[in-house]
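Chains: A, B, C, D and E, in written order; residue numbering restarts at 1 for each.
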Amino acid sequence: MIEFDAVRKEYPDGTVAVERCSLTVPSHRVVALVGSSGSGKTTLLRMVNRMVEPTAGRVLIDGVDVRSMDRVKLRRSIGYVLQAGGLLPHRTVADNVATVPVLEGRPRRQARADALGLLERVGLDPALADRYPAQLSGGQQQRVGVARALAADPNILLMDEPFGAVDPIVRDQLQQEMRALQADIGKTILFVTHDIDEAFALGDEVVVLRTGAEIAQRGTPAEILADPADDFVAHFVGAGTARRTLRIREVDGRSIVVDGDDRPTGVLER
Amino acid sequence: DPLDEGETTAPSGDEGGTTLVVGSQDYYSNEIIAELYAQALEAEGFRVDRQLRIGQREVYMPEIESGAIDLFPEYTGPLLQYWVQDPPERLGDEVYDALVEAAPEGLTILDQAEATDQDSYVVTREFAEQYDLTTVADLANVDEPLTMGANSEAETRPNGPMGLAEVYGIDVGFTPIEDGGGPLTIQALQSGDIQLAIVYTADPTIAQNDLVVLEDTEGLFLASHVVPVASDKVDDDAQEIVNDVSEALSADALIALNRQSVEQQSPAADIARAWLEEEGFLD
Amino acid sequence: MNWLSQNLHIVGQLLVDHLLLSIPPILLSLAISVPLGRLAAGSPRWRTPLLTGTGLLYAIPSLSLFIIIPPVLGLPLRSPATMITALTVYGCALLVRGAADAFGSVPDEVRLAARATGHSRWAMFWRVELPLAGPVLLSSLRVVAVSTVSLVTVGAVIGIASLGTLFTDGFQRGIDASIWTGIVLTVAVAFLLDALCVVAARVAMPWQRVVSRA
Amino acid sequence: MNLFAEALQWLLDPASWTGPTALGSRILEHLAFSGAVLLVAAAIGVPLGVLIGHTGRGRGAVIAVTGGARALPTLGLLTLFGLGLGIGLEAPFLALLVLALPPVLAGAYAGVESVDRATVGAARAVGLTERQILTGVELPLASPVIVGGLRSAALQVISTATLAAYVADTGLGRPLFLGLKTQQYDQMLGASILVALLALVVELCFQLAQSAAVRRAEPHRARLGDRERIEA
Amino acid sequence: MIEFDAVRKEYPDGTVAVERCSLTVPSHRVVALVGSSGSGKTTLLRMVNRMVEPTAGRVLIDGVDVRSMDRVKLRRSIGYVLQAGGLLPHRTVADNVATVPVLEGRPRRQARADALGLLERVGLDPALADRYPAQLSGGQQQRVGVARALAADPNILLMDEPFGAVDPIVRDQLQQEMRALQADIGKTILFVTHDIDEAFALGDEVVVLRTGAEIAQRGTPAEILADPADDFVAHFVGAGTARRTLRIREVDGRSIVVDGDDRPTGVLER
């Protein structure tokens, strides 16, 4: 469990990225932070592994203030997945996955063997182990990033727009696999995105943030879509827009769901 | 007899474990002479460290005076000028005696050779005939502006334009050519870029190119015999060997050595070895 | 050719002298420039003085540098130490900027990812920053290697033996072959050291091969 | 350090500014000679480099030639040309030209090549002629790099022009060589300091030129760039 | 009207980018070419303004072979929008928009006045006119690119993944504005994308291409979604995937449309 206790962050240049935020991420659940650019999502996320130190307030992991922990150790004990994978371009896929175990002193050979297992787990052919990141597609790199985050078997995963750089089709696929993986491993995941669809797809709970990381609404995806707390949230999730306002049209004897602009989005299951 | 002495000096070289450092100017002829000393010494069992082609007098002389170099082929007149401002002596033996007198503590001036390698003013045959030049003083006849070509240091040395003006009252321009009176200087002379050049008398190119050496009636250039300068580390045995070499080194011999360097393009060490063999220093 | 066949061993000796004068300054300037370059890349406060300072050094003519260094450091004019110091100064003048650019070229995301995965400062430098700075560093190093080899020849003017001696000697004696040999060998040594840098870099940076192909 | 004081004294001594060292005219000679070399290098190197960058033809040759030329020892060329051409300015001029051409050529070529191909493609797509692309897009965008090449050539020429005194009566190499040959450290050092100062002044001029070029090529960033340079 | 008549393109290195393709783009309509990377879309597009010359076949504009026209004039008469705008970085926004009119000899001041109008038309504040491209966001640059393409009031617009480099939310917005704009100006538009959703959103007709620019299916978006011609098309449009397989769920008394993964996509209009 991760608790943000009245945290605030003011950067040296005076920007207040997080005004005052209290939030709990229950164990084994995925909480998706969603908000527009600059709303303070990344800042909030990075407080957990002390990449950002709050100006006020505390962050607790299972009740322990992170400030009492050694930074480097803390970071190694938490999985972190960034946009575009954040892989080390000069290390092979296997070495990338084994980064933390090797830093922790695990023998290279064992760490490598473990890495191969993890690659399979995230749906990658272990034959890719000796490639370099540049030889992989964006989606594959992203999977390696997830494998690396899992390598030290952390309880907590922090994911910062991990699928933001891949194209929509691959992103859909990665999101699906992520759901399957989480069903299996049940980590505590804090997931940041500015794509509400992604938040709906992955979050057990979704937290919609305003500027300054002010919580506008918190709930399950369906709750938020069905009953947005206010205009801001309604606008953010696109309630009432052409995109969210669906109708059913019959084409060639099938029921096609089209949006307010008549653009087909899918086929209705009978 | 070099052989006899060789037998007695050889142990002294080995026992003491001393190595004699032989230096030379950054000038091929001087390098050949240094090789003569070095190889003659080696033939008698001395160990020699060569520090050849190390620049002009002002660069190496501090090293000789500080004892970093033990043996160096020098030239009597210019060396005297280095130690004594405006020395009155002009002729060979006078200069030599004055030099021995002027040498600082710790340096020994060994015997001078007959060979001289003296700076001299040369002009082309054509130019000499045009203005009827035989002596330096005749340059006063010339009614066109004169330019002298030489290494840049001549510009401030007594034998350069300044000395010429002072001693002969003749004003000339100056162009530096850093080849020590070598091919480029000759070429410049022949093409008319310069009219007057400083060339060493032992330089074979004088004869080759039919140049005229202007007679230095006022003694602007001091006698310039080849003379070894030695440190205390050069013991009596070694001194004898070097003196023997000097004794054998005649004026013609030096020109012949120089000619081999420029014409056959042989390395200094080879030229020196051949000559030493011929003269019976090596076997 | 006559000249060359007679002077082979001299040329050989000068070649060795040349290498002995070229290699130490290349290595020394690398060793000095990497930490300085890292400092310049990482701290805006140091960047300007370091880069301006080393940049100005480059404006000093090589011949002047050979002359200025002995009195400053109390070295004899005509010593390999003078030469090596001067060339190291030159090498640094180029390489500090090169190293600063090299460290600056390490992508911020990669740095961030390394920090997030728990690299300590030390691990960060050795395991992430230095290898990733490698390619840019290499290109500066190659320039330094080649220009150092070429600059060594200037020392012949003040009596430090190297392949440059073939120029001054050939010039005095009017032997073209001597100068030609000097030029050809200098270029060859430059290419050799350049190639060594490239080979060393290929071995040290295996990922570069695939990245440049990709 | 004492020596630097002596060098300074020598520089301030009126005698140094007359007679064989005549610093005033030596400085002018040095600048004029270096400037002439640079002009010729620019006249040859810039058009050639731009052409190669624009067409992409001869790319490999440029890289090989500029890399190889960098390894050529100027002293070797100088003595070689000297033997062939005799004393005077021709030999040092040629030797320095060989020194200056590679950076100029590489700058011009790399500058044009560094222009984003997508930008050039876009310009072509909206209907610019090849000539308009060259003068209106590639040249302005490449100008900082082109000027950078000239700048590094200028620096090298000015500092290497001292060697010209090896075969010609010109430039600040004269007092430098004279000091070297007669072991007058103050003079040698003084002359060296003058050359370095000259190089610095020229460097500053080129920095101004380069920031002007940057202002043209990256107008939005120019202000920031200026600040950085003024600090520098 | 643009007609591709059995065009083929083999690049000098031997790559056959377009095998043999015949296609008509009717006047005042938007035809979206969609296909995976390397399928030859860009090659096909560039044949229209002669940036690429076909190895065989002809391209006709309103019945005239483009080969008979002067290249430069042809290009100036056709609007071209590329990814990331393809703006000239050293020219202001206004100058960029006015590029073609100025080349054509229109006085600078008038061209600038026109440019301001065009900026408004594509939804940009004319106050941005004196900025440089690098000072704009990706979405804004893209709009400038469209404005520039419209500056010479061409009949034809070629658009090559114009919105490929902007993030999904901005892309949605740009797509909507593009539809509005087209409703207004009614140009003949050939639009290239590899995002099927974008093709559905913008194309009056969608042409799905296989490698070598072979036409796999051509039809309206709804036709293609309802009845994919073959497995390739079905796979490409994602027919049958969770994303396209929608169901209706009641939450808080409203009908929420959810996809195969239970992810809410919109609210059903009554």
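To be clear about the criterion, contacts are C-beta pairs under 8 Å (C-beta built on N, C-alpha and C of every residue); 3 or more make two chains touch, one makes a residue touch a chain.
Each chain and its UniProt protein: A, E = ABC-type quaternary amine transporter; C, D = Osmoprotectant transport system permease protein.
Fair warning: this is a prediction, and the values are worked out from it, not measured in the lab.
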In terms of CA centres, which chain lies closest to the overall middle? C
Suppose each chain is reduced to the average of its Cα coordinates; what separation in Å results between chain B and chain E? 87
Separation of chain A from chain C, taking each centre as the mean of its C-alpha atoms, in whole Å: 47
Length of the line joining the C-alpha centres of chain A and chain D, rounded to whole Å: 54
Would you kindly tell me how far, in whole Å, the mean C-alpha position of chain C lies from that of chain B? 39
So which stretches of chain D touch two or more other chains? 82-83, 166
What are the residue numbers in chain A that touch two or more other chains? none
Counting only residues that touch at least two other chains, what does the list for chain C look like? 158, 168, 171, 174
Pairwise touch list, complete, is A-C, A-E, B-C, B-D, C-D, D-E
Within the complex, chain D is touched by chain C residues 48, 51-52, 55-56, 58-65, 67-68, 71-72, 143, 146-147, 149-150, 153-154, 156-158, 163-164, 166-168, 170-171, 174, 176, 179-180, 182-183, 186-187, 190-191, 194
Which chain A residues qualify as touching chain E in the complex? 164, 167-169, 172, 176, 179, 194-195, 197, 200-201, 221-223, 225-227, 239, 242-249, 251-252, 254, 256-261, 263-269
Spell out the residues on chain B that touch chain D in their complex, using ranges where they run on. 56, 58-59, 62, 149, 151-153, 155-157, 174-178, 183-184, 187-188, 191, 193-194
In their complex, what parts of chain E are in touch with chain D? 46, 49, 51, 72-77, 80, 82-90, 92, 99-100, 103, 131-132, 134-135, 148-149
What part of chain B is in contact with chain C in the complex they form? 26-28, 53-55, 59-60, 63, 178-180, 182-184, 261-262, 264-267, 269-270
